[in-house]
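Consider the two complexes below, in which subunit A is the common component and subunit B and subunit C are the respective partners.
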Partner chain A sequence: MFRRLFSNSLSQVKTRRMTTTQAPTASFSRKWRGAALAYLLVAPPLLLMVLLIFIPALQSIARTLTISVDGVPGFSLSRYTAFFSDPISVNNLIFTFQVTLLTLAAIFVVCFPLALYLRFSSGRIASIVQILALFPLFVPGIILCYALIRFLGTRGTLDTVLSLIGITGYRTPYLKPDAIIIGLVWEAIPFTVLVLTAGLRQVSDSLIESARDVGADDWTIFRRIILPLIARPALIAFSLNFLGIFGSYTIPYLLGPAAPQMMGVFMQQTFGQYRRPDEAETQAVITFIICAFIGFLYVRTVARQRITHEKDE
Partner chain B sequence: MATLDLIGLTKRFGSVTAVDTVDLTVADGEFMCILGPSGCGKSTLLRMIAGFEMPTEGDIRIGGESVTPLGANKRPTAMVFQKYTLWPHMRVFDNIAFGLQLRRLPRAEIARKVEEALALVSLSGYEGRFPSQLSGGQQQRVALARALVLEPKILLLDEPFSSLDAILRVRLREELRRIQRRLKITAIFVTHDQEEALTLADRIAVMNSGRVEQLAAPTQIYDNPATLFVADFIGAMNLLTAQVRGGQIALDGVALDAPDGVRDGAVTVAIRPEDLALLPDGDHAGAWRASVEQISDLGHYRRAILETPSGMIKIYLPKTAAAEEGSAVSAFVRRYLVYQDGAPPREVTRPLPAQALTV
Partner chain C sequence: MTTAAIPPNFWTSTRRSFAATIRRDGFGLLAMIVLILVILGPLYSVVLWAFAERWQYPSLIPTQFGLRYWGETFSRADILRALPFSIVLALVVTLLSAVICLPAAYAFARMKFRGRQLLLLSFLATNAFPRFGLYVSIAVIFFRLNLIGTVQGVILIQLVNTLLLMIWIPTAAFQAVDRSLEEAALDVGASPLRVFIQITLPMVMPALSAALLLTFVNTFYEAQGALIVGLPRVVTMPVLMYSLINSQLVVQYGAVVSFVLWMPSLLLLLVANRLLRGGYLTAGFGV
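And now, the complex of A and B:
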């Protein structure tokens, strides 16, 4: 809408420039007012983004690349050298990558069948499954964490039930990386299912039937038709989940181990407990750069999708 | 290429019977059109032949062998769909080659067959394009090539040209007929467009409410519609209800001879617009006195609406016919069909009087 508003306003302004001498002044000022209104509408959010995100981010990046020697600031990579030569920091970064990638894999393993079922099924059971899949959306993260602790922890619900049926030796995933993955997967299910189902709905029945008609079985249809056609929605779900998981704090803090730590917990601890804001800032910039790369992938995918839609139209 | 036999084919969706005990035999190399209004069951019938719907009852035989238990991917049929169904992520080559790749043909043979198929639909050189780079007509031709390249025993077409503009539709229709005749492939073409069916088909099956109302050659269907539904559905028709008394059909303003076998009682008289002729205004036997309500010039002929005591009557006139809106004329019935109690129609043809203004 904004783009249309802008293009209309700007084209009106351009037309106005060419015909200034002939057109009445009232119409001229009305069109300029239209253009000004469009800029005014978009200015507050843009200004907020610049003031609260871009400027602080650039300041942080600049600070991490600056070091004062005898009160004279100069360019230096020493903070990054320190981060990458510290085994704990590197371990935490690797651990964050590992947990993020394993969680993403688990999310897709869980969500793909769910999305496929919801796309190709109808009726009461499908509606119930959809409601269940969306349920985590309405549960705050902290409540989820304590619910999982009560369910998965030692002497929790699962442990008790297993003992009752004679299975002993239960080893709780609580305070292990597994608990983080379980919590993050649980939290990511609704969003991922929504994105994948929306993507699958773009694959029409007739595209699938025409593949079946030329001899393709279900697996071939999934591999050769459905998967390539939902690659973009899947990449969007991947990028947005990556960003959320890589920088997550509550679930890794409450469910995860004391060491190694995910970057969100590590940053908070370095800043809040160890009182080392410079190191925390470096950790934040590194996290930000990794997330920015994934963000770039997301923006590129969305932009390509938009171009394709415009071509189709 | 093979024969197709549908034996007592029925499809029910819950309490709704979409296809009701259809028996149909399509000869080897025949072009059969299934024609009917929306919701008559024609697409469901085609989808059962393709294997996308399982019949509730009945059997489908291709070349004498039952294919009813087989899924769509196992049947020797290929279908061209109504919507554009090219896979958007594949180039034209891959779209056509997909079915051949599944059959594990050698690469060189696939390339040769794709090239031949594209040449057949006059799209040589388009192998590298994506579907989004093709027009609607080109996409449907690629879809046709994708179906033909598999050399199916039966080619199924589900209103494949309905999304195209009128000129392109006519062109592709002619092209399809040329290809079908050249390959001598058995084809089933579903359409609601009677002109399409009359142009393409060797035989037409007219469907209504899940049943085949008439199965015959296009001329037969047009000239002798077996039921009132077919008479009304195919071409333009004036349908008039009347009473038969003493061997005469008493229409308001005119009396027509009742054909042999029609007894006293209610009948429906069906008159094609081209079976009416204009006479000079006056009283003529077997003609209405009428006034010309409206005339439309349709290029090679004129269509007029006449106001008669029996109501508005449609008539086709040669473009040279000297009739003007508002003028008084007489409308002579040269040929008519009489329908009574669901029995086959009885035809009456009468010689044209010498004073006819139009022939």
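And now, the complex of A and C:
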């Protein structure tokens, strides 16, 4: 009984295949129907993204550029002039820039040597280093903040250890900009190391050996072979970290000073505490504009990476 | 005959081999020591605080261990309400995300249509904005739609976060399935549904479970979207943590909650090796 059912469907499959190859018109309509089904399947997530990312962002941009006088909307930059004439707002923006750039520099200073080390060494120490470097992936941001307060704070673990070995006068970075940078670097280590190490794995050992055979020194190998190959992963790590830091909230809110604030904290205060959605929106759009180029860089780099990969396969 | 006694040059050779390790892998050794202090140090404090009844400065370990604060923490009404709610919320968001995204992922992997690559890449937009600015932008719309302080609003803002991961990982998995196996099964007469269930599904299952697990954990810890859209009426566990941290009347409350909240992440840690080898950990960033 079952066997006959299967053989039936088998013959159906075969005849279906034959008709598709033999009748171009039928295949055209099938193809069209297939595409329609595909669009139907990809529509829900796309719709959600359009409704919750593109439309809010575009609407915010449009609204911050218009002002309605007697019910008639017109173009105006007044919201932006208001932002840039307020010293607190400008200070917060500059502070966000400073923290972002310093954190990025620190991330690369920490992660680049780690990634190089992990790529070119093996053994027990290297695998322990790898586990430790990836460990922050498994510590959620909010728990990290609590942990860092207990670790770095006055009379925290670090303070205790230092006083036990005779170093007194510990000044905590908690509630200072330094604590924000420490927290953000801590959080960024695993992702950055993963991406950079993955990039370095594209550099084959044989390539390096043959370069060495023709007399290249370490510096030449680094500059001529490793650097070009790691440019793309480094760009991805740079742009994603930039966006992540610029748009961060939890770490600067819980670890940083009350003033100046990073833009995320500033926006939440404007929206949630002061209940001024219009001003919060202007602040948000200003972060969009600043990050637009970096966001574009990120999308373009990932897109190129994928297209090269597909060509390779 | 071998002697069991310590050879006379044991200590010199040990010292020499230690020196050799430093010479050979000095950077590794240094990196390991620094990372142990910097990565594990903060966590050491939290874990011990959760089991401390008293911890007087300057002692390296609690002056008195005990579980008294566990009972106190879990008799707080806000925590008792937020914890089950957060778990259910994360489950609902993960399920909805799967229902919305998995068919799309199948289409991206298997069907040919115009703009496929472009549409797939468009999901990177979820990462290409400064996150909190985007949340404010969404919140302003929700404010006008009266979605602030509603569960629906929180679900929607958390769903956005899941899209990239839930589409990219399964798409890659469906693409990686060996088509000849499916065709062979079709040729011997299996129905398309049966082929899907018995051949395709088992092959993509590791990737699908990775995507589901990562989505669940990420959603469970998502605090910023829930904070800006959910307050004042919807309070998830991570949002509650903000106030526990800010009003540090009792250090142990925060420590106990951190410890409990950490459990889902430890789940990830157990399968970390598999996640890493599958490249799923970086897939969420579109890499």
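We take it that the second predicted complex is superposed on the first by the 273 of 313 C-alpha atoms of A that agree within 3 Å, B and C clash if a C-alpha of one lies under 4 Å from a C-alpha of the other, contacts with A are read in each partner's own complex, and residues count from 1 in each chain.
Throughout what follows, a residue touches a chain if its C-beta (ideal position, glycine included) is under 8 Å from a C-beta of that chain, and two chains touch if they have at least 3 such contacts.
Treat the numbers as computed from the prediction; the structure is a model and nothing was measured.
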Taking subunit A as the common reference, can subunit B and subunit C both be placed on it without clashing, or not? Answer clash or fit. fit
Return first, second, both or neither, reflecting whether A:175 touches subunit B, subunit C, both chains, or no partner chain. neither
First (subunit B), second (subunit C), both or neither touched by A:206: first
Which chain makes contact with more of the residues of subunit A, subunit B or else subunit C? C
Just checking: does A:106 make contact with subunit B only, subunit C only, both, or neither of them? Give me first, second, both or neither. neither
Would you check which partner chain A:224 touches, where first means subunit B only, second means subunit C only, and both and neither mean what they say? first
Tell me the contact category for A:65 with respect to subunit B and subunit C: first, second, both or neither. neither
Which superposed partner A:214 touches (first subunit B, second subunit C, both, neither): first
Just to confirm the geometry: in the superposition, how small does the C-alpha gap between subunit B and subunit C get, in angstrom? 15
Would you mind listing the overlap between the subunit B footprint and the subunit C footprint on subunit A? none
Using the touch definition up top, name the residues of subunit B that touch subunit A in the complex. 50, 52, 71-74, 77-79, 81-83, 85, 87-89, 98-99, 102-103, 132, 143, 146-147, 150
Quick one: in the complex, what on subunit A touches subunit B? 204, 206-207, 209-217, 220, 224-225, 228-229, 308, 311-312
Over in the complex, which subunit C residues touch subunit A? Could you list them? 21, 25, 27-29, 31-32, 35-36, 38-46, 49, 57-60, 100-101, 103-104, 106-108, 111-114, 116-117, 119, 121-134, 136-141, 143, 156-157, 159-160, 163, 166-167, 186-191, 221, 223-224, 227-228, 231, 238, 241-242, 245-246, 251, 254-255, 258, 261-262, 265-266, 268-269, 272, 276, 281-282, 285-287
Of all residues in subunit A, which touch subunit C in the complex? 6-7, 9-10, 13, 31, 34-35, 37-39, 41-46, 48-49, 52-57, 59-60, 113-114, 117, 121, 123, 125-126, 128-129, 132-152, 155-161, 163-164, 186, 190-191, 194-195, 198, 233, 236, 240, 243-244, 246-250, 253-254, 263-264, 267-268, 271-272, 277, 280-281, 283-285, 287-288, 290-291, 295-296, 298-299, 302-303, 305-307
